[in-house]
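The structures considered in this document are given below.
The same subunit A turns up in both complexes below, where it pairs with subunit B and then with subunit C.
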Partner chain A sequence: MVMLLGLLFTGTLYAAFAPANAEKGSDNQDEQIAAGRELFLVGCAFCHGQNGEGINSQNGQYGPSLVGVGAAAVDFQVGTGRMPMAQPGQQAATKDNLYSDEEIEQLAAYVASLGPGPSIPTSDEYSLDNLTGEQKSEAIVRGGQLFLANCSACHNFEGSGGAMPWGKKAPSLRETSDKHIYEAMLTGPQQMDVFSNGNIAPEDKAAIIAYLNSIEENPGYGGFSLGGLGPVSEGMFAWIVGIGGLVGFAYWIAAHSARSEKTETGSEETNA
Partner chain B sequence: MSSTSNVAGSVASTNGTTASTAKKQGRGAKVVGWADERLGLATAAKKNLRKVFPDHWSFMLGEIALWSFVVLLITGVFLTFWFKPSMAEVQYFGSYSELNGMHMSEAFKSTLDISFDVRGGLMVRQMHHWAAMLFIAAMLVHMARVFLTGAFRKPREINWIIGGVLILLGIVEGFAGYSLPDDLLSGTGLRIADGMVKSTPVVGTYMSFFMFGGEFPGDVIVPRLYMAHILLIPGLILALIAAHMLLLVYHKHTQWPGPGRTEENVVGFPMLPVYMAKAGGFFFIVFGTCALMGGLLTINPVWKYGPYDPSKVTAGSQPDWYMGIAEGMLRIMPPWETHLWGHTLSWNIFVPGEVLPIVLLAMVLAWPFLEAWVTGDKREHHLLQRPRNAPVRTAFLVAMMSLYGLLWAAGGNDVLAVLFHLNLNHITYFMRGAVFIIPVLVFIFTKRWCISLQRHDNEKLLHGYETGIIMRSPEGGYSERHLPISEESAYTLTARDRDEIYVQGSDVDENGVAAPGGKLAGLRAKLSLGMFGDNVQKPTAEELEEGHHHAEEEHALEAGLDHSADGHQFDGRHEVEGEALRGGH
Partner chain C sequence: MSENHDAESSNNLPAPIEEPIANPGLAPHKPRPTDIDPRAERRAERQVAAFFIASMVCAVLFCVAYFTLDIKDETDTFIGLGASNVALGATLGLALMFIGIGIIHWARKLMGDVEISEQRHPAASSEEDREATLAALSAGLEESGIGRRPLIRNTMIGALGFVGLPLIVGLRDLGPLPGKKLERTVWKKDTRIVRDVTGTPVRPEQLEVGDLMNAQPEGLVTPHSEEIEKEGHSRGVEYLEGVDLQVEKSKSSVILLRMEPKDQTFSKRSPENWSVNGIVAFSKICTHVGCPISLNEQQSHHLLCPCHQSTFDLADGGRVVFGPAARPLPQLPLKISEDGYLVAQSGFLEPVGPSYWERDSE
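Up next, the complex of A and B:
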């Protein structure tokens, strides 16, 4: 009882004299981690283990360990609806995100507490707003070169996405937010390589994102993009629209008799 | 000659009783007369302007190819004004800011300039590309029509070969054009071509080095391809088109059989004014289609591909559709190689890249001669066959079309995998089997379909067409009433030859001695049985007579009644205006 009183007393004293900001911050973080753990136990622990340590099954990995993946990985996987995984498969598909932004932050805080890893990037990191106009256009050109060298082999020349072996795929980047593209490069989700900051510097990552936004904002110079898939869809349009239309016209022309009346009597040429 | 030219100016002003006076020659007639006296065009034109062509929509498919080639020439000339066929390195400072300051070849830079800094350049570039896609597609559709109707038979075998060579040249021309802009896809395509050349046993590496002037990519391939693309191949195509069309005029156009149409005549409309208007109008339609597609549909957005760099590649790297079968064969080919004394023989590239395309083309070109040898038919044929009346030929083509489609799909396996959420490897494994199995199934299915259509024709000839009138007999049985088809339809349906199946040893020499025939005769007999053995032949005159007799008998029976049974007035042979069922029920 005395001990309890003593604890209460010191606790109150500490609360009264401790630096207000620091106390609030750490408390908030602890709360977030605790709330994140609650969410984790409900939505993630079944595959990743109660403490995010991962679960191995007889056939190999069931859910990988999350120690050290960092908050950025959580923000990407949960924010794009890939996690919690809708169904097992070659690759987690995107679905509607079921978590609020606050909940994702809590989950990210919990996973980040398991071990050091990349944190969620701020908008300064993935946008070029702090650059001047000229620097910005230089960065976009550089970003385009980096994109064609590092990304287009899987994601296609304009980010339409592409196939990979055994049903895996590189998704389209058109609907992906800047933050998520940055996090994907940072954490290498699913089949993707990790492009660490030593590999592609943060400002280059931002340049790649700026290039993608730039070609997305450009008007379709040539007209409808036909899916941006390259020559396969072009060939389909050549046959369906082009040849289909022209054969239709040929039919129409031949169906019209040369005479104004409907009686069709042709003249005759005798073979010499 | 001059009298002809005067006709236009000397039309009588009256046909009354007084003598007509010749009208004064108009200015136009004077000009025409002046030109005719010097060039003698009237005589040549008189015959050819009245040249008769038969009318059918399928006879206009080759025209699509012809007119899209004209569009190619027009737009191609425009592009040559600005394109620089050089692989010299320059820096880009044009309107497309995403590539500003980039180092690239002059060819790629001038392509960007045409796209962004030449007025109307991008549209003309896209028109040129779409017209190329349509050119080859239209040639193939035209070829399919000629094949399916037997229009390649004597005397048109040489024109068939010219057409086949035109398709080959068109594909090579298209590939050369695809490679010129020196963008990422151009270079990737050339790298594959380089691989194919290098896979040739023994001489491959030498050929590749000659082609690229050293190691790939070098700096001479674009100027070399440019020369081929704008001079050599178009010249050959133009010459062959001229030969193709001269032969068309010389042979006269084939026509569908029908009353009044024989092997000796051509029934149709004259060149002027009818076909001049129809064909001229069709040119504008083809041009307009190319312009619409060039203006509205993006094709080959080179600015997104960027300049070629051997270290780069993009998902969705495919050739234009007409090379799709080569791409498909490469993609599904198992990785077979032989290593001999330190040399690698790349069957995985040599077979699909060089052997199979040549085999496919040779098969198609050889068909007229194969068929003529099997039938032993030495007659000229100007009347077309309906596809159903040559079931094996039709089935062969449809099987080839299915093979073409499968290989094209195999060439786009990654796009299919992404669009339809399929497994890339499963598509490849499926195609490895499908290219052998599905064409065979398609062959069998099409052949049986043709034969059932032949049976249907015979049904119509012997028992008439189905009227849709259901009759009830006194016993309560129901039957559908058939009525005889018109004389014209019956003529058209029977205007075909009976197939003769060659039997070994049936040939008789002039002394009446059976020619034994060699080993080939046995093969010929087998092929003949295979090609014609299952066909349904048209009914004989006696069978037709019997069929008619049967119909007349039925009519006679009904005629015996003073009035036909109630309801029979609706049998389709009587006026039923204002008729109702009698007896008030």
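Up next, the complex of A and C:
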């Protein structure tokens, strides 16, 4: 009887406190994983294998194993249109994203079920909205120092991107969403290094993103930024437009004689 | 006639050739309108003056724009450019350009207009002049007796040589000799590795495979957290500042990289016990001309220097795989301290950064 009461009690307690949506959630999750696997078999399995184990060919890796890459990697790669790749190449290029947000969630849930990996960050993690004004500006300064120490080598001091060996490139960060920048740091897509939470703490990652947003808001006092690429584009502009214009002007001066036929006949007419 | 011919052949000058086509000479001078028409001349004069006056107006407008236009809030008045920027640039540019145009217009319309032709002459002096010069030179040598008095000649040459010595010795004042400074960094046994910028110490389990960390020896980064700074002071760490900090940072910066241990190649200059679970530390200073490098490719472990494209394989002891660098990147031997942090086993075993004269070559 006591045991029955006890069971009843715990049962009621569980029903009261245990989240109703946890039960629903796990169902939901299983469904998501199943739907994700369907999508995976159509769009990804050709290179990554039917169970995401990766495929090795004689010439090296065809598609890497996805065990343990986590949901964040899927959300980044598929969300930015890098995956599925249109064609093999040095680097997966961004293109229009073909999957809906729901489908990306399903794919991410399936890949996350293959092995533990970083999950998709929530907006609390990559925004500084919960900080006061002063804390926020302190964080932006720190984010700038972190960006210059860790990111600017490849992505340029303004986040404009840059060239890498063998035809690869570090993409510009101006058009990339906050979430995708956070996921890229977390997962290290393609040749980018990983900046895991043990390497750069989550609040420091958010500070880096806040810094990038702040330089985008900065007005360009210097006039045309010419892509923010530094001396290469500025020098090219000076040589081609600046010096080219001077050469053209000098040529124009020399090509027009002060003693032109027209004025000569004119003077002859006046003489006559 | 024959004497004349001999003299010419001794000068190695070719015999004059009859010109097959007669030299037409200069074209007849055509006067400019401004030379013959006083009205055109006055008009050109007014035009030149107008350009100079336009330049003055632009210079005044520059000053007006400087004091009236606001920089701060008007940053995209014309096609993304600030009003102040455009006004200052345009007025100063036009002020200079109108002076230039005025001078050119003046020269072309009004300054003297005569054709000038200059004849070319042989480069050598005449035979008589050359003989007279040689005679004067040998007479001078004879009179000074420089050939007859070797003692005077040799001591004079010696004196001229020795006068160079004070100049060379004076170079010493360009600065103190570097001594052993180039060989040493602040890294020594048990120096903790800390993250650049935040100054926090690193535990090996915090890094995942593929992680790259820009790091410094403890003491070169004042930590953001006061607790960590206090804890550092309690262990006797001194945080450098100012010039000392910049000098040491330019030598001691390192990068940490964690890779799969199976990807690593070990050698005598990069033994296995220098890395911890696939974590390696290398100097961040390129061995070519000393640029700081951290462009790393995660999958190939190739570190690229942006200055001259030297590329180092960090999975193979920092071996040079491309570019002008002559030496591998120096590796910092790592170990785990008793309290679980990444520390140096010792300092760098070779000088970091570019080669220099006194450096021992291997």
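What we mean here is this: the second predicted complex is superposed on the first by the 221 of 272 C-alpha atoms of A that agree within 3 Å, B and C clash if a C-alpha of one lies under 4 Å from a C-alpha of the other, contacts with A are read in each partner's own complex, and residues count from 1 in each chain.
The rule we apply is simple: contacts are C-beta pairs under 8 Å (C-beta built on N, C-alpha and C of every residue); 3 or more make two chains touch, one makes a residue touch a chain.
This is a predicted model, so every value here is computed, not measured.
Visitor: So, does A:237 touch the first partner subunit B, the second partner subunit C, both, or neither?
Guide: In the superposition, A:237 contacts subunit B only.
Visitor: Which partner does A:215 contact after superposing on A: first (subunit B), second (subunit C), both, neither?
Guide: first
Visitor: Tell me the contact category for A:146 with respect to subunit B and subunit C: first, second, both or neither.
Guide: Second partner only.
Visitor: State whether A:204 touches subunit B only (first), subunit C only (second), both chains, or neither.
Guide: Touch status of A:204: second partner only.
Visitor: Applying the touch criterion given at the start, work out whether A:224 contacts subunit B, subunit C, both or neither, answering first, second, both or neither.
Guide: A:224 sits against subunit B and subunit C alike.
Visitor: Identify the partner contact of A:196: answer first if only subunit B is touched, second if only subunit C is, both if each is, neither if none is.
Guide: In the superposition, A:196 contacts subunit C only.
Visitor: On the A-aligned overlay, A:161 touches which partner chain: subunit B = first, subunit C = second, or both, or neither?
Guide: In the superposition, A:161 touches subunit B alone.
Visitor: One more residue to check, A:253. First (subunit B), second (subunit C), both or neither?
Guide: both
Visitor: Just subunit B (first), just subunit C (second), both, or neither: which does A:43 touch?
Guide: Neither partner.
Visitor: Could you tell me which stretches of subunit A are touched by subunit B in one complex and by subunit C in the other?
Guide: 145, 149, 153-154, 162, 164-165, 220-224, 253, 258, 266-267, 270-271
Visitor: Going by the contact rule at the top, pick out the subunit C residues touching subunit A in the complex.
Guide: 30-34, 36-37, 71, 75-76, 80-82, 85, 89, 104, 108-109, 195-198, 203, 205-214, 224, 257, 293-300, 302, 304, 306, 309, 311, 322
Visitor: What part of subunit A is in contact with subunit C in the complex they form?
Guide: Counting only subunit A, the residues touching subunit C are 142, 145-146, 149-150, 153-154, 162, 164-165, 168, 188, 190-196, 198-201, 204, 219-224, 253, 258-259, 263-264, 266-267, 270-271.
Visitor: What residues of subunit B sit close enough to touch subunit A in their complex?
Guide: Touch list, subunit B to subunit A: 50-52, 54-61, 63-64, 97-102, 115-116, 122, 126, 130, 133-134, 137-138, 141, 184-185, 252, 260, 264-270, 274, 278, 281-282, 285-286, 289, 293, 295-301, 303-306, 309, 311-321, 324, 408, 411-415, 417-418, 421-426.
Visitor: Which subunit A residues qualify as touching subunit B in the complex?
Guide: Checking each residue of subunit A against subunit B gives 90, 137-138, 140-141, 144-145, 148-149, 152-158, 160-167, 169-170, 211, 214-215, 218, 220-226, 228-239, 241-243, 245-247, 249-251, 253-255, 258, 266-271.
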